[in-house]
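Shared between the two complexes below is chain A, which pairs with chain B and chain C, respectively.
Let's look at the complex of A and B:
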């Protein structure tokens, strides 16, 4: 067995290598298992990798969440590395000399980080709120899908455990006690801010996409296309045609799908 | 345990002391003018049995234990049956202390050969507890226990235990135990348990939470059976970020629902350094009645001891096991697999060191066999003979074993044998074994791995082992 130092050195060499061919992105099953917030994040990472023109294949695993080093989906496996979530993956890619933001100046980069945080803090929390706190959605969709990969009675345990985790998180962020109209208002404000920033550009920062475009695409596309008992989030997003256009643009350009047929 | 006190008039008092020595009973009063008599020739019958000190314990279970005494015909029989009754009373788990007094019976209904047997018992308090140290599989642990013995007066008890080990394991269990009456000595145990364990050799940790039902009984005086059902939720996760992807793939929650049958027979004269007798343990586990884990696993452990000279003992041991998948929908995880190697198994290898490894993580296999040939002798030149030196043994060993993976669809029977015969691992060595209390053994060995596969992790040189169950 090689010593830890040798291992670390070899890992570092590996890290500097070019993008290997067998990169895999792990995520939960799309049709029966994945939930809205997870799906949004998985799609965002897929969009990011496609924007960077990096090859990967998607692997579906029921236990993708447990496999992930951060406990969140998606994660990618590059050689011996496993890297989770959009921010981590962006950093990893930057380490390989690939970046979507190298043309931006410092001010723009700060803006980008701020808008990324806004999406994370508002849209993602709104999605979590709808999926786990709203009783109708939880009972009709979330609990069934989240528990679908577990046998009875493990599904109930897992649902309760996961729901408690989400509640804890939302409590810390002061979202748990919000009412539905308040959530809608937050969501509308966030979309407003995003559409103001986007203005008439094709992407948020000029004519080249950045990770912000990937993140916004992931969330908005998923919100628009996921059938839920209440589609109020989708209705809010539909009030912002410039955002809808951005989603369509990314979809046609990077996912080679027909012009936004689902939206 | 208890003490048997015997008083008899001078004409019958006799070679009681001889008998007492044979049967391990303690004899208290000794008078100088005793004549030698054969106890079997002394006619006796038990007129009365008194049990003193019963408070919560119900009469019926105590009656069951002492009833046999009335069948005794001679004095020796009375003594033996009294001793058996003490053992049975002790097994109830209700009494802290049991004493026996035998006297000639007096009063109106007394017969000429009549005896009166009195058991003096002290019941346990409502709640007892304690802190102990324990030795498990190559790790020491501390045990906090609380018991409520004899809850409803028939030996029922509730106990809760928490153990914390030196290797970051922790266990909690709460059980209710109910012994039943009957000649097969059945008992039922239901427990709720939570166990956390870490397996650095395989790169994973596991949290198990679940329920267990255990029904134990004896089919004869030697064969002990345990029928168990357990429903356990297991959360498996990697120990570190650098764990191999093969282990990472197994992370997540699984539910195992399994039926288990354990048959054991132990006729060794000692648990730690037996000089004769054998031990057999056969375990069959069928997982997959509900849950998403499915396999059939059979394991066998056999140990035989043969004393060459006074205290030079040859010990042979053999263990083998295999598991089969149930069907495609049910999984087998890394935690269900079989592992061999280590100071308690095939010495000269790392723990779980025999078999397939990826990035240093042992992945386990579905079939194995392992055997050991040991020679235990006293220390050279026998320092501390008869005292301290008896805690030690010199230990020579030869271990062999192999692992294999097979599925019935892919292989015929011949192939299985071939896989298990190929790449046999052999190690040998010598060392010193130490008895630790009456439960555990410590071994310090110098090992020479002789034959090994390139995927194995060997551990040549000094190896330290502490545990209960050694190969």
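Let's look at the complex of A and C:
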């Protein structure tokens, strides 16, 4: 029997091997279950993998969230490895020698990290706020979709459990007590900062996409195309044509869809 | 100006060369100090203040603001704006980097102070216990701790092992500090020769990591790897927060308790010696090894 060291070495060898054929990306059901913030993150990972030219198939699971090692969707299964969330996946692919950012200098990498944190901190929290705290959206969309995969009365318990989790998170991040106009203002500030950073370039760092482009695409595309009772976030994003163009560019180039017909 | 029109700022006490122990309070204090707002600073160290306010709390006329963010926004409406000279690109970078610091360093600091068991029992709890009046010391410690636990739980929903979380935080803080250090380079402040809100945010999270004498400070060494960040903290200290005492107000009490601890141990030693001797003699006498005509 091989010792733990041999096991570890073989694992590392396997990690360095080329991209296998049967990579699977797990996420909740797109049509009836998934919520805006989760959908944004799943789409961001899909965009990232497509930007890196890596093959994968999407698997829909009702309990994807519970299957994920970090408790958040999406996650990918590569051979013996299960890796969750965009940051983890980026690190994993870098380990395989595939990187979208190897041409950036240190200052640009610092910028990349900062803007990723901005998107995560502002856009994601704004999405969570709209989905779970805003009563109209919660009652009309979130509670129905989130509970759709559970039978009555379990759906109500699961909804309440998840909502409490989100409220706890937003409370510690000082988002829970914000009013709707304050959320809009944060969102507008963030979009402004992103569009200033994008300037006239085709992508955030020159003419090659990076994980930041994938993340921004995931969030903005989902915000723009998801029908909600309240479409104020989408209206805010529409004030920034350069960001819309970025979303369209990524969509046509990597998802082979018709030129932004939904946006 | 009547007393109602004055600006008042209520903060938790500082120590070890920090203007306040709480990062939010540091932000508010430093902002007021840099932009020279004529503000009266009150320390939350008596029951009356603690009943009515929680730090930081900025009071002007009938308005009160309870987070550093709201305070800055309100001061901006009164034309106290620190970022007014930044161009749009710098403003955008400032916002992004602020969120980076907020997302990464805040959780590290909270972890250090409130989750790490040794730091919590040997430093944080004792410090708050002495700096705040009873019963607020225990109430607030409980509240802060709960807050920190919620923060870490929302970041790591499925990890319960503090060691795993600590390792992850370690890589996170290294990444974040190296980004900041690269961005700062050799300039005096992040955006030229004048401090911006970003410098304040960085100070409020990095300075406590450097200055607090935590018993298990695994992140302290991280910061000193980037001398330009340490210099930034010293620069801000010298220019905007002069005259803060380096030595602790509360550690003196701790030293006296330490000496009294040793006295107690001398007493214990003598009691033990006495009882041991009595036991030996008692044993010897009952067995008849020593005999005397008195018993």
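By our rule, the second predicted complex is superposed on the first by the 256 of 263 C-alpha atoms of A that agree within 3 Å, B and C clash if a C-alpha of one lies under 4 Å from a C-alpha of the other, contacts with A are read in each partner's own complex, and residues count from 1 in each chain.
Simple rule for what comes next: contacts are C-beta pairs under 8 Å (C-beta built on N, C-alpha and C of every residue); 3 or more make two chains touch, one makes a residue touch a chain.
Remember, predicted model here, so these are calculated numbers, not experimental data.
Peer 1: Both complexes share chain A, so when I overlay them there, do chain B and chain C fit or clash?
Peer 2: Once both complexes are aligned on chain A, chain B and chain C fit side by side.
Peer 1: Which partner, chain B or chain C, is in contact with more residues of chain A?
Peer 2: After superposition, C is the partner touching more of chain A.
Peer 1: Between chain B (first) and chain C (second), which does A:69 come into contact with in this model arrangement: first, second, both, or neither?
Peer 2: In the superposition, A:69 touches chain B and chain C alike.
Peer 1: First (chain B), second (chain C), both or neither: which does A:82 touch?
Peer 2: first
Peer 1: Mind computing the angle chain B to chain A to chain C from the CA centres, in steps of 10 degrees?
Peer 2: 80
Peer 1: Based on the superposed arrangement, let me know which partner A:114 touches: chain B (first), chain C (second), both, or neither?
Peer 2: A:114 sits against chain C, while chain B stays out of touch.
Peer 1: Would you check which partner chain A:150 touches, where first means chain B only, second means chain C only, and both and neither mean what they say?
Peer 2: Once the two structures are laid over each other on A, A:150 reaches chain B alone.
Peer 1: What is the contact status of A:106 with respect to chain B (first) and chain C (second): first, second, both, or neither?
Peer 2: A:106: touches chain C, not chain B.
Peer 1: Which partner chains sit in contact with A:171 here, chain B, chain C, both or neither? Use first/second/both/neither.
Peer 2: In the superposition, A:171 touches chain C alone.
Peer 1: Who does A:158 touch here: chain B (first), chain C (second), both, or neither?
Peer 2: first
Peer 1: Which value in Å is the smallest Cα separation between chain B and chain C when the structures are fitted on chain A?
Peer 2: 10
Peer 1: Take the contacts of chain A with chain B and those with chain C, and give the residues found in both.
Peer 2: In the superposed arrangement, which is not itself an observed complex, chain A uses residues 69 for both chain B and chain C.
Peer 1: Along chain C, where are the residues that touch chain A in the complex?
Peer 2: These residues of chain C touch chain A: 67, 69, 88-89, 91-93, 95-97, 99-100, 102-104, 147, 150-151, 153-154, 156-159, 175-176, 178-180, 182-183.
Peer 1: List the residues on chain A that touch chain B in their complex, please.
Peer 2: 1, 7, 61-63, 65-67, 69, 77, 80, 82, 150-154, 157-158
Peer 1: Considering the complex alone, what residue numbers of chain B touch chain A?
Peer 2: 233, 235-238, 241-242, 245, 248-249, 251-255, 290-292, 359-360, 457
Peer 1: Which chain A residues qualify as touching chain C in the complex?
Peer 2: Spelled out, the residues of chain A in touch with chain C are 68-72, 106-107, 109-111, 113-115, 117-118, 120-122, 165, 168-169, 171-174, 189-190, 192-194, 196-197.
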